[in-house]
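Each chain gets a letter, A, B, C and D, in the order it is written, and its residues are counted from 1.
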Amino acid sequence: MANLTTNAMGVEFKNPIITASGTFGFGEEFSQIFDLSILGGICSKGLTLHPKQGNKGVRLWETPMGLINSIGLQNPGVDKFICDELPKMKSYGTKVIANLGGNTTEEYIIGAKKLSVTDVDIIELNISCPNVKSGGMAFGIKSNVAFDIVSSVKKVCKKPLMVKLSPNAENIADMALACESGGADAISLINTIKAMAIDVKKKTSVFDNIYAGLSGPCVKPIALRMVHEVSKVVKVPVCGLGGIMTSTDVIEFIMAGATIVQIGTGNFIKPDIAVDIIDEINEYMDKENIKTLDEIRGII
Amino acid sequence: MANLTTNAMGVEFKNPIITASGTFGFGEEFSQIFDLSILGGICSKGLTLHPKQGNKGVRLWETPMGLINSIGLQNPGVDKFICDELPKMKSYGTKVIANLGGNTTEEYIIGAKKLSVTDVDIIELNISCPNVKSGGMAFGIKSNVAFDIVSSVKKVCKKPLMVKLSPNAENIADMALACESGGADAISLINTIKAMAIDVKKKTSVFDNIYAGLSGPCVKPIALRMVHEVSKVVKVPVCGLGGIMTSTDVIEFIMAGATIVQIGTGNFIKPDIAVDIIDEINEYMDKENIKTLDEIRGII
Amino acid sequence: MKVYHSKVLENRLISTNIYKMTIEIDNLNNDIKPGQFFMLKTLDNSFLLPRPISVNEVGVNTVTFVYRIQGTGTKSISYVKLKDYIQATGPLGNGFDINLINGRVAIIGGGIGIAPLLYLTKCLKTTSDVYLGYKDEVYLVDEFRRYANKTVVVTENGGIGFKGFVTDYVDYNNYDIVITCGPEIMMNKIASKCRDLNIKCLVSLERRMACGLGACLGCTVETIYGNKRACKDGPIFAGEEILVQWRK
Amino acid sequence: MKVYHSKVLENRLISTNIYKMTIEIDNLNNDIKPGQFFMLKTLDNSFLLPRPISVNEVGVNTVTFVYRIQGTGTKSISYVKLKDYIQATGPLGNGFDINLINGRVAIIGGGIGIAPLLYLTKCLKTTSDVYLGYKDEVYLVDEFRRYANKTVVVTENGGIGFKGFVTDYVDYNNYDIVITCGPEIMMNKIASKCRDLNIKCLVSLERRMACGLGACLGCTVETIYGNKRACKDGPIFAGEEILVQWRK
C-alpha cells in the first residue's frame, strides 16, 4: 500500500484528506457513518468569538452541479466550542482544525488566543466567508487588508496558522503572497464564490442577503486554476479545495501544487465520500507505482 | 402575445435574445437549423485586425455542467469578415454585433474604425478573452487600463459601443463604471471565467496555455450576481450572459437588471435553444400578464 | 444510519405524479422509526444534492417511499429502473416517539404529506382516526384503512369522500393528541387550533436540506428554544415549539 | 440538418460495452451520407455537451448508431429506455462522396471505428474488401458480409479470425482507394503507407466537439491547407491532407 502520510506546517497527517469547514459539523454526525480516524483531519464549522444565530430565510439553493449557501456562520462561539465540541473532535483520532471567523480584528485576535491554548492542531483563519455582513470576506478582498489581519493574528497565535482565501479576492496570487508575508504557515483555497439566485415565481432574491456562496463540482475548474496560481508563487504549503468529488479530483489538485486537500460539498452528496476517495487514491498510487504523493505534487 | 421589443443603445431589438460571440460562428451554420430572423441579434465570433489561427492542442473540455474552451480567437480578421461574412449576417433579418478583440490598443482602434464604416449595428469590445497571450483579458482586469482602451476606441467608433467585461476583473462594479465613463454605450458580461483542467492520465495540463475559459450552466449563479452588481451602479444598459439555458434563466437576468441577454454555450447543447427560449418567454409573459419586460427589469 | 447502495425492487406510478418505490435494505433490525426519512440520490449526475423522502412503509429488509414528482430530483428518481441501484442514506431525523403517543389520536395528512403517516399509523400502540386531504385523486386510502380506527377522506372538489378542506372535518375536542403532515398553511392552522384548545400536537416539517445529518445548518427551524435543525432535531416538532415561525 | 427529438426504437448491448441504438427520424428523404454523424444527447442533465456518433445504418425513417461506452455521456445514452426520446442533431459533417469512390476499394476499420463503415460499405457503387480489426470480441461481422466482396476479420489475440493487427493483412497494391476509420495510430500507418504507394486514402477523424456544426472552432484539424473543422469540413479527410498533424 502506498504511503499517504503528508506533512504540512509541521503537522503529520495520515493522508492529505481533510473535511472542509461548514460541511462536516464538528464531525459527530459523520462519526455514526464511518470511522473518522481514517481522515487526515477534520475542520470545524466556522467559529466566531461570540455565538451566532446565522442568517434568516432560505439558506440552501441547488444550482447546476452546485450549491449556494447562506448559513451565515451559525455557531456556538469559541468558548462553547472549546468546552463542548473540541474534546469530542479530539477523540476521533485525527487532526483537528479550528476554522475561525470574525467581525473585527479584535475578535479574530481574542479567538485565536483562546484556541491557541487548546488541543486544536491548526487554526484556519477564515477571511473569506461571503455570508456575513461585516468582517468575513471583507478581509479577504484586498491584499493589504488581509496582510494586516494575518499579521495581527499571527502575533498571538501559538498554533500553525492556515489562512483560507476567498476566490473573490482581487488578485489571488497577490493575496496569497500578502498572507504568506503576514505570517501564514499555509494557504487554503477556495472558499465559496459570491453568487446569486432569483426565485422567478416569487419575483425575489432567494437569499435575504441577496448574495451567497457557491460551492460544489461546478466551481472545481476555477478552484483548480487558483490553487495552481497560488502554488506557483508561495513557499508555504497550499491546501486545495473546491468541488472535490473523486480521487481524480484530489490528484488534480495535488498535481496543481496542493499539499493537502479538503472535501466540502462532497460530504453532502455522499456522506462517506472520504472513505471512497482515500481508498481510490491508494489504488491509483499502487497502479501507477507512485510511492508518495511528492512524486506528482506540483508537476504541472 | 407579449411585446418583446427592446431598445438598447438606440438600437431596436425584436426581442432581448442575442446569440453570444464564439458560440454561433457568423450565423450561417445555424441558419440551416432555424430562421435567424426570430433573434434579437447575432454576435460574431471574436474578430481581430489580422487573421488568427487560434490555439494549438486541445480546445474543448467538459466539466460538471460546464465547458472550458481554449479556442484562442481563431478568426479570419476584420477585413475578411467585412467582405465575406457581414453581408451574409446582415441578410438574416436581425441585428448584427461585431465582437472585436485585439492585442494592442492600436489594433482595437483600427479594427473599430474599419467596422464603423460598415453595416454592423453594434460593436462589442472584447477586453475579456482569457485565451490569448497578450491583449484580450489583459485589458479587462484593472479598471484604469480598461478605461484607457475604451475611451481610445470610443473616439473613433461610430457605432454603439458595448464593452464586454471579464469576470476575472478585480472589481466588477468598478470595472463597469470605468468603462461607462470611458464612453461605453452598454456593458455586457460575463465572458468566460479563467479555469484549468488537468489530464490525470497524461499527467499534464489539458490546455497548451494551461488556463482557459469556463462557461455554461455552472457559471450562471456567478454571472447573475455580477450582472446584478453592475446593473445597480451603471446607467447604461447591461447585457447579461453566462449559462443561460432556459427562459427562466433569461427572466432571472432581466430581474437582476439586464436589458438584453446573450446565449452562449446553450447553442451547443441544443442548437435551436433560442427558439424555445423566445417562445417560452412569450408564454411566461402571457401567463403572468406582463406586457413588456420593463415591468420586471431590475426589480431585485 | 448508513449510506446504502440499495437495489430498487419497485418504482411505479400510483397516482398522478406520485410514485411508490421500494428498495432493499438489509439488516435494518427494525430500527426505523415512523417519521424518519432517507436522503435519496440516483447514481448518475442528473442532480447534485440527495433528496429527503420519508419512510412510508417498512418490510422485511425493505423500505418503501411514496414521493411526488416536484422537480429535477424526484423526476430522476422516478426514472430509476427495477434492479438498478440508488443511494439511500438513513434512517435520519428524530422520528415519532411511539411511547409518547397515547390516548385518543388524530392523524391529519394533506397532499404528499399523507405518505409518511402510513407507517406511523401502523406503528402506533393505540388506534387512531386518520383524516386524509387530497386535491382530487386519492392514494394509499386502502392501506390506511388497514391500520386506522376510522379513515376520513376529503377532496377539495368532493369528487371522492367529503368536499373541502380536511381540517374542517376534524373534531379536535375528541382527541388527546393531533399529528399532522402536509402544507405549512394547513399545519399552521392545526397547530394553532391545538394550542388554543390545549391539545398536544406534533407536526412534521419540510426544509431544504443539503446533508440531512445535522452538519450543514441549512435546514434551520426557528423555535421558541432558538434555532433547531429540521433534519436532526426534527423533522417532528411539537406544534407550540414552532408556531413562532408562522407568527410573522 | 435538424434538431430532432427522436423516439428510441432499440438500444441494446451487442458486444462488451458496445450498444446498438435505433431512433425514429421522419422524412429524412435518404439524405444521409455514409460517414456523417449526429450529435446525441439524453434529455436529462446527466451530461452537458451532445456526443458525436456516426451513422451506422439508415432504414425507412430510422437511423441506427453503434457506440461504445467511453465515459459519462455514452453511459447515460446507454441507459435510455425504449420509447423514450433522445435529442439528435444531424446529419452532420461532409460524409463520403460516393461518386468519387470507384475502382478497387479497401475499407479498414479498427475497434469502434468499424461502426461507421457499415453504411459506407452498403452505399458504395462498387463492392469492396473489408478488413475489420478487433481486440478480442467481434461485432457487426455478419452485417458487413452482406455487403462486402470479402470480409477479413482480425483479432489481436487471434481468438476469432486472423491474429494480430488488421493493417498487416491488407495488400495495399490491390486497391485504388483505401478508406479507414479507427485509432489514430492505425489511420496514421495506413495513410502513410498509401501516400508512399500513391494510393488514394480517406480517413474519418475524431475530435472533441461542442457544436458539431462548424461554429465553435473547437474541433480544429491541422491540414496542409490550414485549420479545418473536423465537424463541418470533415470528419472525412484525404489522408495526405492531414498527415501533417501526425508528423511531429
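FYI, contacts are C-beta pairs under 8 Å (C-beta built on N, C-alpha and C of every residue); 3 or more make two chains touch, one makes a residue touch a chain.
On a predicted model such as this, the values are computed, not experimentally measured, just so you know.
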**Report entry** Highest-count interface - the chain pair sharing the most C-beta contacts
**Finding:** A-B
Query raised in the report: Taking mean CA positions as centres, which chain lies farthest from chain A?
Result: D
Report summary line: Taking each chain's mean CA coordinate, chain B and chain C are separated, in whole Å, by 47
Query - Chain centre separation (chain A, chain C; CA means) in Å - result: 35
Report summary line: Taking each chain's mean CA coordinate, chain C and chain D are separated, in whole Å, by 52
Report task. Spell out, as numbers or ranges, the residues of chain B touching 2 or more other chains. Result -> 64-66, 216-217
**Report entry** For chain D, residues contacting two or more additional chains
**Finding:** 45, 47
Requested in this report: Have a look at which chains touch which and call the overall pattern line, ring, star, complete or other.
Outcome: ring
Report task. Go ahead and list every pair of chains that touch. Result -> A-B, A-C, B-D, C-D
Query raised in the report: Contact residues on chain C for chain D in the complex?
Result: 44-47, 72, 76, 79, 81
Query raised in the report: Given the complex with chain A, which residues does chain C contribute to the contact?
Result: 1-3, 41, 45, 47-50, 87, 89, 208-211, 213-220, 226-227, 232
Query raised in the report: For chain A, which residues count as touching chain C in their complex?
Result: 22-25, 29-30, 32-33, 45, 53-54, 58-62, 65-67, 69, 71, 74, 216-217, 265, 267-272
Query raised in the report: Which positions of chain B touch chain A when the two form their complex?
Result: 63-66, 68, 170-171, 193-198, 200, 203-205, 210-211, 214, 216-222, 224-225, 228, 243, 248, 251-252, 255-256, 296, 299-300
